[in-house]
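Each of the next two complexes has chain A plus one other chain: chain B in the first, chain C in the second.
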Partner chain A sequence: MRRNYLFLIPLSFLLAFFAYPVFSLLYLGLWDGGPNPEFMKEAFSRYGGVISFTVYQAILSSLLTLIIGLPGAYIIGNYDFRGKSAIKAVSTVPFILPSIIVVLGFLALFGNNGILNHVLEPFGIRIRILYSLSAILLAHAFYNFPVVMRMVGSAWENLDSSYEDAAASLGAGPIKRFVKIVAPLLAPSIISSFTLVFAYSFMSFAIVLILGGAAYTTIEVEIYVLATVLIRPHMASALALVQIGISLIFIWIYTHFGRTGASGHRIMRKIRGLASILAAAYSFLIAFLIFAPILSVAYYSFVSEWGGDLTFHWYSLLFSEDASSVIGISPAAAIGNSLFFAVLTIMMTVPMAVISSLWAKRHGKWVPALMLPVAVSSVTLAWAYIGAFLGFSIYGSWILIVMAHSVIAFPLVFRSVYNSTSSADERLKDAARSLGASPLMAFRHAELPQLMPGIIVGATFAFAISIGEFGATLLLYRPEYTTIPIAIYKILGTRAFGSAAAMSVILIIMATASFLLIDRIGAKQKRSAF
Partner chain B sequence: MEIKLEKIRKRFDDSEALRSVSLRAPDGKMTALLGPSGCGKTTLLRIISGLLRPDSGNIFFDGKDVTEVPPEKRNVGMVFQNYALFPHMTVAQNIGFGMLMRKRQKKEIEMRVKEVMELVGLKGYEKRKPSELSGGEQQRVALARAIAPEPDILLLDEPLSALDAKLRISLRSEIKRIQKELGITAIYVTHDREEAMAVSDRIAVMNRGRIEQIGNPMEVYRDPKNDFVASFLGDANLIPSVGVGGLAKSPFGDVPASFDGNGCIFFRPGNCRISDKGTESVIISSEPVGDVLRITVGLGNEKIVLLEKMSLFESAAIKPGKKVRIYVDRKYMRFIRCTGRATKTF
Partner chain C sequence: MTKISGIIMSFAVLFIASSILLASVPVQAEEDTLVIYAYDSFASWGLKNATIPQFEQRYNVHVEVRTYGDAGQVLGKAIMEKSNPQADVIIGVDNSLLQKALDNDVFEPYTPENLSSIPEEFDFDPSHHVVPFDYGYVALVYNKSQVQNPPQTFDDLIKPEWKDKIILEDPRTSSTGMVFLLWSIAANGNEFDADYWSKLSDNALTITSGWDSAYEMFTSGEAPIVVSYATDPAYWVEYYNDTGYGASFLKVDGKYSGYLQIEGIGLVKNAKHPDLGKKFIEFALSADFQKEIPLTNWMFPVNPEAPLPHSFEYAVKPEKNLTIPPDLLAEKHDEWIQDWESAVSSDSSSYGTPYPSAAWSVLAILSALLITAGIRRK
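Let's turn to the complex of A and B:
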């Protein structure tokens, strides 16, 4: 069929910009004029500590994330109350927030000169958690707790109440019902979210690089250092292979033990009494975790110092000659670059995700293969690009950056679109054909509208990932391709926190505006029938 | 164990689910709660089980007030509409769950599980997971799980509604057999009148949060209290009439009336036939239903449906517009109250 040929487009994209670079990593990591196991040996001996620390901090981060996220999952899964949908909506914010903003928010709130320290100073309390393991864990938990809240919460929401009713009628009290029925039935979703958070924390780069300081480094940071500072390509590749290997183990656990559960009818309780107080307290904590860092960043961008007067100093400084020399290009150009990459990433990934989804609908067993790029961290991918494309003319060009962003975004965009194809009604297309529509018209009018919600979500993901992407861009960019996150990182290096904050505010505003725009375009698409 | 409900009321947000329901379910008998969806029958069952608490009213098990007793302490067995088999447990674990919760010995549980599985005809299915069973098998597991801990009361919430028609008929007689064998007091919720008549010793017909009538199956079928009960239990001819001085007039002769004022004359389609001594009417339409012909005739402004066993030759003579005489057996005619809530069957 003609559609099968269309699949060659995403296939060749993935082969050229994912499979081939990963293959070149294998070559560099295992081969030096012949098979050479020395690099792998060194990876496990010399970098054994780094590897185990990376796994250790990822497990601790995931546990902490579970502790923060599970109460939210309980509230979402059991109660109906006003503002529930608002909490759910707000909880997506950290998920699409660029990691560099998380870092900045963390500095602004918990930093030695941060808001909390200033607020608590009169009480004699001083928070010193920067450049420590706790800083990394807290930042990861903040970044990821919505994953737990939403995944486990939605599994809980769909856990049929009749199981607990049946257990009650068979003599099980509330505690036994939880231990014997609820917990085992939620286990797959808890495992799913745990492994997902583990993967994010395991591959996290910006947070560890900046908040971990010199004392705490992970595989990601070491690959970055080996690739750019020490220039040891074989070692960087060997470590990258370790990264991919460990990720694959966790992805295997995710696909084998995790499941989002069947949907059943759950009777929601009205919130009242002690539960409502606890829920309110928790909602407040969520709101604080999500908004306090962002608002702190905004605060520092508008004052000269803590308690200082309102000023636009940092913003005007941003557009001065000095700033341009720090960043390498003008901030306006950096904004332009970020938008350019983000739009291209959407244009690359969305059509390919649609083609792949329609193809995967008939070849379901290949879905995990299409999701494989999630096993490769952004730093590893970028390093693989350097190894794979060094001699080619696209090396050093903006094309590689777009390709890296697209490969990183592809699994999520594909997943979003694929979810809506599996719920789409095949018969609508048949009905359109029987009414005289050509295959293309049937696709346009009967099939595409059903995929629209998934496409919108996918486009939002693509945009969010590209505009916030840090690790891969840091390895691949040249000064003229500096993006906003890179610019923020560079300004941060000069300790001009106010300007970094101002740049972050610009990034947040741009991202928010773009999400609203994507949403509007999607809504318009749905409204216009012809 | 006898169940007694006294003035049970239950409100949900915007609707009154139960409006002062009182009911007595005799010991060792199967009582059906029959009614259309939304009539409150499942709510009533959940209140008996303890899964739901009434806003007011009391529940007595053998005279003991259990209104405040939580479900896990009531010793009732319940079969759910979607079975609610624990998906993470095997068939044997599902059936043994109730006894495990009652802290019985392991040996005892194993023996009882075996015994119950034999009773419901599931021998050899111990190690299966619910997802590996057919609908009928799942239903048997659900029943076995409910009766395994030897509950005082068995509650069945539309236990057969998820199965196809043939399986429903064979399983309902099996449920009846098992209930008789155990001699357990049972409540059976259903919206299927045929099922209710087949399984139960008593039927409580419910509508809009009230019990309209309670009686044995033939009683409610033959002597419905009003047009709703009459039409819910089967096809019913209902002709408006007025009771005056103990009599109500009908085209087929006078009927004794237990009350004065507006009401309707009721009889089943099976109780009228074409006959020379009958009342003149006009055939409107006819359709074959298996062996019988279902004929609709017009009589003044009223439509009447009758069922007639006929040969092919005779049925060829039944044509719209043709005049026929209709006779109704006086013995089966009743003058009943008219609520205007009859379910239209034709």
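Let's turn to the complex of A and C:
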């Protein structure tokens, strides 16, 4: 089949820009003129504290995320009420929000000079959570609770209520029903979301780097320091291998134990009484969690200082000569770079995800192999690129940045498209072929429309990941390829919080506009498909 | 048909729009472009704009300044790229980074003619892989409205009255932080005191990766004291006519002492444009360049011909200069960094609470659950 040859495209991409760099990591980490276990030994002895702290904060982050997300899952899974779809829609916001914006939001909200401290000042309360473990945990929980809420929530929604009804008719009380029926059936989705959140917190970079301070070094930050400052390539690679190893364990747990529950019919209850008050309180809490940091950033971008007059000063400063010398290029060019990389990432990943999905449909056991890039963090990937491509002319060019973004985005894009192939009807394509359509026509008119929802979701992921990507870009960029997150990081390093906030607002607006655009195309697509 | 072409169209529009934006960035021919690596503040504080255009005009070339964080990160990048050097000249390698630069063989020795006009006390690299272009002192900079009596000794810094009031920089990533670490070591008879640093990192508000972010936190009111430069009060006077900021040194044996930091410039080994690079180093030591240093880089020029502005009367100088002998520094540098790392790292002190065991037991319970779930499934 001709299609099998097409699979060579994603295969060679993954071999060249994922497998080969990771192999160079293995080489650097285990080899120094011959097999050398010293670096791995040192990783566990000297950096043992860093490794255990990384696991420790990731576990705490995931637990906190579960605590915040599970009530939401319960509400979504059991009740029907007005605004339910709004809550679900709003809860996607943090997930697609670039991590640098989360960092800025936390600075603007919880900083010593932040909004909360100004509001609470008359009451004599001062909050000091930045530059501590709590700041890291809160930021991770904020970033990830929608994962728990949606994954567990949808499993709960599909949990057949007849089991519980049967148990109730046999005399089981609510607690017994929960322990014996609901909890075991929800366990796979809870494990799934826990491991996912663990993986994100385990590999998070910007949040730990900026909100944590030097006392809180995770593996990801240590790799960055070893690679860029201490210049110990072997040690950085050895630590990267440890990181990949631990992620692989959790991904194995994810694929083996975490499955979303079977779909059944659940009777939704009308919300009333105490439950409605609690649900409203919870909705208010998550709305606060989601919007307060973003609105704080927006606030600081429009005032000269706390309580100051409305001003566009920071925005005009952003397009002045000064800002360009801080960032290295003009902010307009940084916006252009971000768009350019994001669009190229979509163009790279979406077609390859479609080819891979159609191929993987017939070779299901290879799906986990295609998902492997999730086990490699952004800093590790970029570091592997430096080791693998330094000698080539491709080093230092923008191509590597696009490739890094594409490798990071590929598993998620592939997953979205692959999910939609399982519901696609093969017979449509066969019918088209038997009616004389060329393979290309059959693909375009019979197969592609069925994959469209997955493609739209995948494109959204690709865009969101690329436009917010920080760690890999920080290692690979040159000033002329500065993206918006790098620009924000650079401005944040000088004295202009307002300008950093203004740049962030631009990024938020751009991201939102692009999602709406992609969503609109998707909606049109769906309508015309029928 | 229309659906797909709609998508392709919108991608195409996005693509063209971003390409136009990209194209608006002038792309220079590589051949006559001098590439300089420098720390961020070289550009953001204005020394770049005050000097580079002069050089470009004089030699009719294009200069591209690429900044990558603090001086330590800039040197790190250069070391990483050693086999394929991208820079011609590196600005900002100081006396604390010198040994690392020499060990990694990043620079090509070059003695500019006008080095003879620079006082010998600043010539910190006798091999001239790196030559000095400015110097200064790290000091505790404080906001006078919040701090009337700044800390007087290193021991004062770990007292409870300064809890969460001081911002430090990470010596691994920040040359300011490195100089402060060396200062504390020199003040302690050239010995690193792990116990002291563990207490200091607990007492400090945070240790930032770069000087820039530490200073931004200081000016936005996160803490009233920051490890910064002795010329800072001059800055506030020059730009804001504000005498509300002070800088102080710390007493060692009864005398206010400071650690002398000398910053250098060097020609990269196997640079693509060595001749242009040499011209630039010569230019950096000339009075034309040097006179811009005080009000942009906020350091003292090494060239005595360069005049100092009036506001520099507010810049302080120590009673006593501390330095660590270069051979001792070379021998101990890595060891100190590693000792510092373990002294301040979170696993020893910052969370000496029962929480870790709680988290580990949760992990144990979780894995037990997983294993039983796995067994039952089979």
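Everything that follows uses one rule, which is that the second predicted complex is superposed on the first by the 523 of 530 C-alpha atoms of A that agree within 3 Å, B and C clash if a C-alpha of one lies under 4 Å from a C-alpha of the other, contacts with A are read in each partner's own complex, and residues count from 1 in each chain.
Keep this in mind: a contact is a pair of C-beta atoms (placed from the backbone, for glycine too) under 8 Å apart; a residue touches a chain by one contact, two chains touch by 3 or more.
These figures come from a predicted structure and were not determined experimentally.
When both complexes are overlaid on chain A, chain B and chain C end up sitting side by side without clashing.
In the superposition on chain A, A:A166 contacts chain B only, with no contact to chain C. For chain A, the partner touching the most residues, choosing from chain B and chain C, is C.
In the superposition on chain A, A:P439 makes contact with neither chain B nor chain C. After overlaying the two complexes on the shared chain, residue contacts for A:P351 are found with neither chain B nor chain C.
In the superposed pair of complexes, A:T228 makes contact with chain C only, with no contact to chain B. Touch criterion not met for A:P453: it reaches neither chain B nor chain C.
Of the two partner chains, chain B is the only one that A:I181 touches; chain C does not reach it.
Between chain B and chain C the least C-alpha distance in the superposed model amounts to 9 Å. Touching chain A in their complex are the following residues of chain C: 1-4, 6-7, 10-11, 14-15, 17-22, 24-25, 40, 43-44, 46, 48-49, 66-67, 69, 72-73, 76-77, 79-81, 83-84, 86, 100, 104, 164, 170, 172-173, 201, 205-210, 212-213, 215-216, 219-223, 337-338, 342, 344-348, 350-351, 355-356, 359-360, 362-363, 366, 370, 373-374.
Of all residues in chain B, those touching chain A in their complex are 46, 49-51, 70-78, 80-82, 84-88, 97-98, 101-102, 145-146, 149, 155.
Those residues of chain A that touch chain C in the shared complex are 46, 49-50, 52-53, 55-56, 59-60, 63, 111-113, 128, 130-131, 133, 187, 191, 194, 209-210, 213-217, 225, 227-231, 233, 253, 256-257, 321-322, 325-326, 328-330, 332-333, 335-337, 339-340, 343-344, 346-347, 386, 390-391, 395-396, 444, 448-449, 452, 478-480, 490, 492-495, 497, 517, 521, 524-525, 528-529.
Against chain B, the residues of chain A that register as touching in their complex are 160, 162-163, 165-173, 176, 180-181, 184-185, 262, 264.
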